[in-house]
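By written order: A, B, C and D. Residues from 1 in each chain.
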Amino acid sequence: MNFFSQEYFKKDWFGLLIVVLLSGVIISFFKPAFLSSFNLYVLMLSVSLWLVVAMSQMIIIAIGQMNLSVGAIGGLVAISFTGLMEVHGFSIPYAILTGLFIGLFCGFINGFLTVKTGISAFIITLATLYIFKGMNLGITEAQPFYQIPESIKNFGNAKIIGPVPYLIIIPIIITVMMWLLMNKTQSGRNMLAYGNSVQSSELMGISPTKVVITAHVISGFLAAIGGMLVVCRLQLGTPNIGDSWLLPSFAAPVIGGAVLAGGKVDVIATALGVIIVAIISQALVIFKIDPFFVQILLGFMILIAVFINRYREYKEERRKKIFIYEASHE
Amino acid sequence: MNNLCLEIKEASKKFPGVLALDNADFKLKKGSIHALLGENGAGKSTLIKIITGLYKQDTGKLLINNVETSLNSPTEAQNRGISVVHQERNLIRRFSVGENLLLNDLPKNKFGLINYKLVFERSKEWLDLMDLNIDPRTVVSDLTVAKMQLCEIAKALSIKSRILLLDEPTSSLSPQETEHLFKVLQKIVREEDVSIVFVSHKLEEVFELCDQVTVLRDGKNACTSESINKLTRQNLVKLMIGREEQIIKSEKKVVSDQKTVLRLEKINTELGHHDINLTLGKGEIIGLYGLVGSGRTELAKCLLGLEKIVSGQIKINENEVRLDSPKTALDRFKIGYISEDRKKEGLILMHNVLENAGITIWSKIKSFLSFLSDKAIHAKVDPFIRELEVKTPSYSQLISNLSGGNQQKISVAKWLAAGTDILIIDEPTVGIDIKTKSYIHELIIGLAKKGTSIVLISSDMPEMISLADRVIVMKNFKIEGNEPNSHNYADMSSKIMAYIHD
Amino acid sequence: MKITISIITSIFLLFGHYVMAGSSSTKVALVPGGPHPYFAAWEQAGKDAVKDFGLGKADYKVPAEWDLSQQNELIESLVGKGYNAVLVFPGDAVGTNKILGELDDAGIPTAALAGCVEQPTKAKFCFGTDTGHSAYLGTKQLIKALNGKGKIAHFTGFLVDPNTTLRIKAVEKAVAESGGGVEIIQVIADIDAYEPADEKINAFMAAQGGEVDGIVTTAWVPAVVAAQALTNMGDKRIKMVGIDHDEVVLKAIKDGYVHGTMLQNPYGQGYIGSYVMDKVRGGCSFKANAPWKSTAQTNQFIDSGTVFVDINDVDTYVQAMRGISLEILETFESTYLNC
Amino acid sequence: MKLLGGYSPQLLFYILNDLMFKKLPNFAVTNQFGLFLLVILFVLFFSFFTDGFSSRFNLFALSRVVAIDIMIGLAMMVVILTGGLNLSLGALGVSAAMFGGWLMEVVGIPIIPAMLLTLAMGGFLGWINGYVTVKTGVHSFIVTLATMSIYFGMMTLFTEAEAFRKLPETFTDFGSLKLFNKYVSPLLLVSIFFVFLLFYLFKFTDLGRKLIAAGANPDAAELSGISVGQMFIYCHILSGLLAAVAALMLTSRIGAAIPSMAGNLGFDWLLPAFLAPVLGGTLLSGGKVTVFGTMLGAVLVTLITNGLYLIEVGEFWIRFFLGIILLLAVLLDKAREFFAQKSNVLS
């Protein structure tokens, strides 16, 4: 019993895992089609995209900032990627490399401006959101690019085995890499240290410039991958890609227990947060919930997730107070 | 060849309008514990910042191991073996102790990933070295303040620092914890070839710990690397403030039929206070003494309604009351609280003097349509700010631009203006220079004479004994003793200690 | 390349803007609701109108965002610049009326283009697609393809767009007229962004794909995404009727995954609309007995042509549309105007 | 009467005294002054380099847009004061306006009481934001993210996305009224009235000072006897009220209460909502408000958007240039702050 309470219940991801399993069981009980191969495939597809988007935001939350331009970067990369192939005849690898480079560069701009000017990332990325989206519209004049090479379309559609799409490979690799980054590498720990306390981390010899720019570059890089994944999925490069990313990008990390002030993110819990959001939006369709209710439900869902997190935090605080109290008894 | 590991020669540093350092010298001998003293504004912190690479001196030299060097950043200073243990705890609170200790260079496996087993093993060695019985896996936020501080020192050692700067390290430690700290410091100086610069306002500690002393006054050396044996407390104070110290004469008050203004009966709180019984008479000063974590500040916060009281009664003027917020406490029962944490809980640093001093009386002096002008506030708080001799160019000066002592005066002034009947004063002289300290002591006595009842929370035993009428000793969230103050230091301190170590 | 050109152009325009001389003083602004591929044909239509009818200007001006306020701001600034006739795709069927009224007060004729504003309005007329009717016709086509029997789903756009409600009602009406053979099993709305549309439509396919026989889409994004989903699934059993001319939809029709689409006539709207504006400014007025059509929103409606296109005519629809446009143009003056 | 009579000149004196004599020397290094210069600069630029900027029609239209943007900016500003954000601003405003439209059209309540009830609705929705934020201790970013969905969803559910378009003409005509030789909309006067009201609140009242203190340092304020939770709730209520005012103004301008008037989920309001206070020098960390700065910020943003349309940069590039200008404006402000600090230290 003690084993349980100490090891698992404390972890952010444990409760979420229960929620995922439970909701899976409940939904498939009412609608067996939920577990059908095609449905799992569809679920995995939507998880793949939102995983990347959530990670892109999560790493910025880790350093205690926000990146409003995640979607704008994704969109800009998506249309550049397709545009370069369609208009300028780039080969696929070159187009991918250029797309990734654009993402890196956009992220670098965000990070550089934030750390060098000392202006809050919220404002900087609000401005760059406009700049990147503006470039997107300026380049495309709102016209999509349609000429997507067959191999990319196939990549977006093909399945590895059973219901598992090829598309999910990259997001899974990213998730593993992110877990390693945040838990097992010096630069990841530096980011979390910076997110915990800018002042302390600086005094510990951690360079803010390096931390902030690295985080934003990674965020831009992931947003770029997200943008290209959408292209594979939709099989067209439309300027609207990324417009709807903002809310999901925050929802998953927050459900995963991330602290917006920084310094605490959990990659596994974020991934589970993504799965929960995906399951619930699917359940809304499966159960034919009146579209008028969807908005309201989504709102309450976020509130409930936050309440649960908050309650656990409260418990933890109590525990610590008592702990310190006991420690001082020694 | 001398054996100096750090030397500063004729350093000057000018800020617009101020000459912060004026040809100051500083010599740190290898293996010594060197006290750096001075009033606030004497140039101490400028000197420290030059040593740690935050500032660069305008003229003069900085030598490390007799080699002239220039330090451009704290990181560079750290690389040269100079570390600071700050007043504010500078650990990553969500990280484990072990990771904090080695954060600059975490041991990695062949894939470049952090090897946590090794992290905890290696950090354990440093903790052992300091006689610290902490599991390196413990999350920092679970530690007591004293242990955090010791961890910080361990961290400085772990990055191979050979010069440690300790800035007011004991300000929130209990005597026992201080004693432990000093033992550790003496041990590392002895065994690890470390030299220490010790900054403190508590002269007793300087005499106990240090072997050399440098005093700054108005940016100049009042003495340079004097051996501590040659000095007395009086000499030192004179060097610091340029005149003799005025010892507060603690007069024993006649405790005659005082009216009880505050009475706690069998209070139990959610935080764990157990069966607290306490009375406070009109014009009385009671001291709450205890170790950090004994529940003193927490009790004060329960009284203000910030934490829940589970059972028991609070009586004010013998009427039972419910206190649910500091607002109720102030508005209805005239209870005020001067926090130990000036910057976080006491003052609004981004606001000016007037706003800070007037905050408690806004509601009282507002007029029609809740109209409230600066002029009206000015009229109300001006007498108090004057009375406290606050040094500020104008009332529109930002509080953050004032010195620590003047900041403390403002946080007192706002409660004077509020005209409280009961004032809870938490560690009023932490980080405050001797001149202001004695001034604040006089002020507290004066307030009590005028009829304000005072609850004084302090870890400073001399302060406690010179001010309190009664000393209440707390331990483990309980009241252990209630001792009328004899104002005899030896007698009182042994009595108090007896309660804590029974 | 486009960037460079645009930047150079904008710098050029910044310092060297000039008023193009035309024989007529009419300066028409063609203002869509926001950046959207549907309206792209208006740009060429405007240019052709200047060339063919000798207008002073007929410029395609796009609000920076899909936002009523942004559109109003743009229109106001255009009028400030001297445009004296405005063709607008209403940012809101009701909300746009106010500014049209104000333009009317300022002596500037306006008309609703591609979509209508609700009456009462100061717009001279509405020239475009009757959104409700188009949805109704599309559903009829679908029902026909299903031989009057089956379960259908309806995918549409933002709930807060009044047109969405019209479309939902129109689809219901067509279904009701089928005599009970057809049943709407699900309406998915609020999917005007690609990623959520992809998510929801695929989820629907997964859950109901086996049950549903037909799909009708009445907004651009759901049409594209649903067409793509059917193509990806390789499903030719489910009959789908889309809307508009996105290449994805057209290709799916050619490949046989989508039954057909309801096309509109954006080029004709821009071209003829500009022409009429010039006439109106030239002193023409509308005939009292003009053969207006009535829609749910207005009774001063002129149909710019809605055509159902399926695999047979998907390659030739451009000609078909041009034909309709010319037909309307030829008879417009005699049918509607007193000059 | 005597009280009021004696009172107002006194107030006026304070305000003038404050503005003219104490603040003027410092004004040159303030954010407001920089903004003011920028506004002048852009006005001059656009008047010279565009057709029709100074035309009566354009200036009137500008005054109307500015009026609403100012209110939106102020509504966000009062929540930023607490160190929070109000993402539900647009959804809240639209919900209140739809409620107002329902009252006027369906229930048939006279205009003034209907407007008051609309404001009350705005205040109530703001209160929910504030109450949940304060009681749970969750950051308002997340709380209002959720309430944004909830308010907007509820609104569409109740109205079935139908607009209220048969509003009393007195009400809708107000939005098209032209004053001062047809150059200015009365809506702008309403906004300016609120600007002064808020200035009075924050500068000269007990409540305003408490709101600021609570935002600047909640712990210290609480221990100084200010009920911080209550103050934060007041800020959210105020935000709701101001958003409702903005929504009513927009309704009057559009001539109908429509669910999409602030875009899907009310998102279209967020940009002016953030830009105005941020350009105006309001600190995102809380504790500092600049009412006039926010006003100038709103003026600047509207001016630039309008100018960009007029200057023909190519409509598709407008967002790009808007972003660049926003970036330059905050950078400029940062530079100003830097030099102001330098000169401050010197003096």
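Note that a residue touches a chain if its C-beta (ideal position, glycine included) is under 8 Å from a C-beta of that chain, and two chains touch if they have at least 3 such contacts.
For clarity, every value in this text was computed on a predicted model and none was experimentally measured.
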item: Centroid-based (C-alpha) most distant chain relative to subunit D; value: B
item: Separation of subunit A from subunit D, taking each centre as the mean of its C-alpha atoms, in whole Å; value: 32
item: Chain centre separation (subunit A, subunit C; CA means) in Å; value: 35
item: Approximate Å spacing (C-alpha centroids) for the pair subunit B, subunit C; value: 71
item: Junction residues of subunit D, two or more chains touched; value: 156, 160, 314, 316-319, 322
item: Of all residues in subunit C, the ones touching two or more other chains; value: 6, 35, 62, 64, 159, 190
item: For subunit B, residues contacting two or more additional chains; value: none
item: Pairwise touch network: line, ring, star, complete, or other; value: other
item: Interchain contacts (touch definition) - all pairs; value: A-B, A-C, A-D, B-D, C-D
item: Complex contact set, residues of subunit C against subunit D; value: 6, 9-10, 13-15, 17, 35, 61-70, 72-74, 76-82, 92, 94-95, 97-98, 101-102, 105-106, 118, 158-162, 164-165, 190, 192
item: For the subunit A and subunit B complex, residues of the former touching the latter; value: 180, 183-186, 189-190, 192-193, 196-197, 199-207, 263-264, 320-325, 327-329
item: Residue ranges of subunit D touching subunit A (in the complex, touch as defined); value: 132, 136-139, 141-143, 145-150, 152-154, 156-157, 160, 265, 271, 274-275, 278, 284-285, 314, 316-324, 326-327, 330-331, 334
item: Residue numbers on subunit B that touch subunit D, as the complex places them; value: 15-17, 304, 306, 325-327, 329-331, 336-337, 339, 344-351, 355, 359-360, 362-363, 366, 368-375, 414, 418
item: Subunit B - residues contacting subunit A, complex; value: 74-75, 78, 84, 86, 88-95, 99, 103-106, 108, 112-114, 141-144, 155, 159, 271-272, 291-295, 476-477
